[in-house]
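Let me give you the structure first, and then I'll get to my questions.
Which chain is which? They are A, B, C and D, in the order written, and residues in each are numbered from 1.
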């Protein structure tokens, strides 16, 4: 036994699993979902587009919360900064090309991510949560104060994005916006799959579990987390910019505590620490909200509350997390 | 031969109690030193002072002739001072291959890379294969850590430490908590450590100490009371007193 | 000079009201380690019950307060048994999800039962009107709130630090297994502490209703304020919470006096500064 | 997979079929959340109008579809408006409590060929964003300008302005300042306080220290007004003879029971009081009270919604039920009628409502309830805010 092992020792270690096939499968899942969405709700593309913008925010939150263990109730700061960056670029600087607006959103979000990261990473646990709450309120107040740039509480209106590639205009039916959103989401999703599986992603998962151990390996948790915060900001910025492009208005709500808390709820609902969990949580929460609020606009909040309680009781790892676990266990039992 | 690792007059007290009191030691490449002492002798504090997790009140730590007293814990690791933990600190959902690969990339300053999966980095995986193979963990390379036995987790700790290519290795009770049947593998792994590496092992198990160490340092009440060959340690009256006599006697003797 | 005194009085009054309302959260958060975002919801239930008792049943203020506290506890008992018991010791995020869900449900039900309008709790004549302090006047009910705050602080501090129950509670929190081995019935301890926390919430909701009026969205509107105040003080520490309330109340009041338009900035910048300097709260019990 | 396609097809067919009969009106407003009361008032106003004027215009049935935006959220508002137009096939959009929500929808109107009838959102600029917008509510400029005259006539020459720090608050401040300075008064200080302010004692201290003879205040209707008015009384300002002036948001009828005696004697200017004495209003209040269930919850958004429905009915009459937004809007330009609030008309140029503004005083009725008693009328007020925009 021992001799066999030593003999093998020099042979290269084969990798246990391959990523590419799974990546393509994931891409296919997203695109199929997008097509199904288009077919099922052809007249409701604005809602679907909005879901995808929020999904980007929730994905971005998953990066810091699910993969790095940072507790935050202020993540909309990154999303809103992206939205305002894109909106201000369009309204005040005449940058109305949708792709350039997204670029502006990425820069705005990343900068906000840097600022938030520097502050939030100074504490852990509950105090960290409080720092994030303080930050989102500061961002919100700042945007309210800078009303000559942001339109204040009236919202930043008058964003008129050019047709995409000069051909596809953003119309009433929202088809262009929908396709634009699907493509952005798919690109970001694939990018994030690469990131979370990369050495850096692994490092972050290590930090989440035991930052001291990472230090003992000569790694700096703070720098890695800060880097993740900037990436997270860029992703949220894409979502914000998408929102600005598709709705052509940016409101203070995009920098609100409410949106931050909702995005956290969606993430935990779907399951932290997995990209599909983040997307699942967003889709389920927002479709559910749309459904019950259309069915009973006056008392839907109770039903949303009941959904959250039910998830904690019956799907403790989130919807996607729990399903994935059950499937894995079944596969394990079958083996 | 010049010292690769030196500690000079290290002091640290907590609220008036000197937990590390004027400790000095020096090691050359290839040294195999065991640090022993009764409970409460200040071994853990000493390790934390050396690794930079705790700041000393006075004294100096040097690696390769350079003072690292004002260098933080992370940079001390990068300068070749690596430790293992008394209780394993591993990432439960990751595989041994991932652990070791992460350590290798960390050493090369590539752990921040955002693209590529190291399972598809041939250079890294070859090294992982060698390290893991040496420690007999090949079959487990792709199983999550929480599924593998504690003894093997201890081996993985050693593999990770080696992956960082240290110049000085601090082993904090490398066999603690391992069932008797598995200690043999750990001992063999310790025996196979690179020849030019300076190893300081903190250990309780005297059998292991005698088989491994060429030199023994005894710490009691924060002070070095013996520094010499394993053969002499049991004969030293002060060591006998520290272990067999009461704690109070030992400290008054020091 | 007179202005400074005047602001100091306002700051004290505001800080003490904050303290009375949020101290119950300090018990759940610091001692039971549950991020109970539904704290405001229980305070709101207390307010509604007191309002109903005083306005519709016509009972006196003191009795209304008692009915509110015990009524809220009675409502909270099944919630604790069915829901909270499932999240003790679970990850923070799970607790956040559960307690937000509970908050949503309570808001929805309150909206349905009591309607969306403001509800007031009529004060007895002795608490109405203003008292003259010489250099200014202050509402009598604010003085009442200050006194209530001090009494609650003293009573809680005594209960936690000096009684057998307090010892058991702290043991149960620090090491549940060890406490159980020593014969402490942690389940009972938790249920009792939860009842105390909820009772305090209801009491605070009633006493603070003059400042934070009762309406269905009370539970969400002030959730953040409660959480921030308690965390800054150091969850689980009574003196810490008291210090935080007075400090933040002072900063808030001064900020709003000097530069009302930047009031929010002052408050939250102060919060960030305090958390960075005292990462475990002003007097934290957290490890 | 086949089932999914079938389901998709079914969805397509049903959504297409849904177009046929009735003329649909999509109403967006806060039907849940902290502002649910105002949304409820929208519904009450609409229900009252349909109860009094019938559910049919000519041959066409009218169907109302409600969509909920609990808090100002332009993105959601736009998505819902888009859904209403594209999926539900509404011919009219109405409602909108918050300005940003209305602003977000204006770019859609032309392409959708749908008029927008605003039942509340009160920032002057909205009507300039699209020629298809008609407003039947009020603007802060409209309600805050007359109170400046009232204050001056009450003998106040130095006043301090205290408003919530957001769009409508700033509008109110500017409107009052312009009006007050025009009649020779002086605004000695203008304070903007964050919306989330709970404790108003420091603000009261500021008012005291400013040495002003009166205070002009604006806060959004809801819980904070209670704290503000109480703080005003308890800090000795009322007894100290400081006069209080505000637009009617502060004393909306649904807040009066909670304000109680604290509000007695407060003077506010507004476009509508539930107590307005006219046969039209009596009929309206009766119908709206029935619709809302609890009469004490009735407040000003209901009348905006009621008149909004009137405008929409007139539009439908003029177009004969055919979808033509421009024609519909043109048809109501200059339209005048007697609303529950008094005589009103739609200004042909701005498409904003011209109406009487009333000075009211909070009084106690014989049965112990509180109401806004109208004591002075400023007739046919337009929107001075539009002039200020230019």
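Please note the rule applied: contacts are C-beta pairs under 8 Å (C-beta built on N, C-alpha and C of every residue); 3 or more make two chains touch, one makes a residue touch a chain.
The structure displayed is predicted, hence computed values, not measured ones.
**Q** Please list the single chain whose C-alpha centre lies closest to the global protein C-alpha centre.
**A** So the chain sitting closest to the middle is A.
**Q** By mean C-alpha coordinates, which chain is most distant from chain D?
**A** So the chain farthest away from chain D turns out to be B.
**Q** Between chain A and chain D, what is the separation of their C-alpha centroids in Å?
**A** 36
**Q** Between chain B and chain C, what distance separates the C-alpha centroids? Give it in angstrom.
**A** Distance between chain centres: 49 Å.
**Q** Roughly how far is chain A from chain B, going centre to centre by Cα mean, in whole Å?
**A** That gives a centre separation of 41 Å.
**Q** Mark out which residues of chain D touch at least two other chains, giving numbers and ranges.
**A** 32-33, 36, 40, 165, 194
**Q** Two-or-more-chain contact residues of chain C, please, as numbers and ranges.
**A** In chain C, the residues touching two or more other chains are 111, 261, 264.
**Q** Where in chain B do residues touch two or more other chains at once?
**A** None at all.
**Q** Identify every two-chain combination in which the chains touch.
**A** A-B, A-C, A-D, C-D
**Q** Quick check: in the complex, which residue numbers of chain A touch chain B?
**A** Within the complex, chain A touches chain B at residues 2, 5-6, 8-13, 15-17, 19, 194-195, 197-203, 205-206, 209-210, 212-213, 215-220, 223-224, 227, 231.
**Q** Please give the residue numbers of chain C that touch chain D in the complex, ascending.
**A** Touching chain D: residues 3, 6-7, 10, 13-14, 17, 111, 115-120, 130, 136-139, 142, 210-213, 215-218, 220-222, 225, 252-254, 256-257, 260-261, 263-264 of chain C.
**Q** Please output the residues of chain A touching chain D within their complex, sorted ascending.
**A** Answer in residue numbers: 36, 39-47, 49-50, 53, 141, 144, 147, 151-155, 157, 160, 171-174, 243, 247-254, 258, 293-294, 297-301.
**Q** Mind pulling up the chain A residues that touch chain C in the complex?
**A** 65, 71, 119, 122-127, 129-131, 133-135, 137-138, 141, 145, 257, 261, 264-265, 268-269, 272, 299-309, 311-313, 316
**Q** Across the complex, what residues on chain B touch chain A?
**A** Touch list, chain B to chain A: 51, 73-75, 77-78, 82-83, 85, 89-95, 97-98, 101-103, 105-107, 110-120, 122, 125-126, 128-130, 132-134, 136, 138-139, 141-142, 160, 164.
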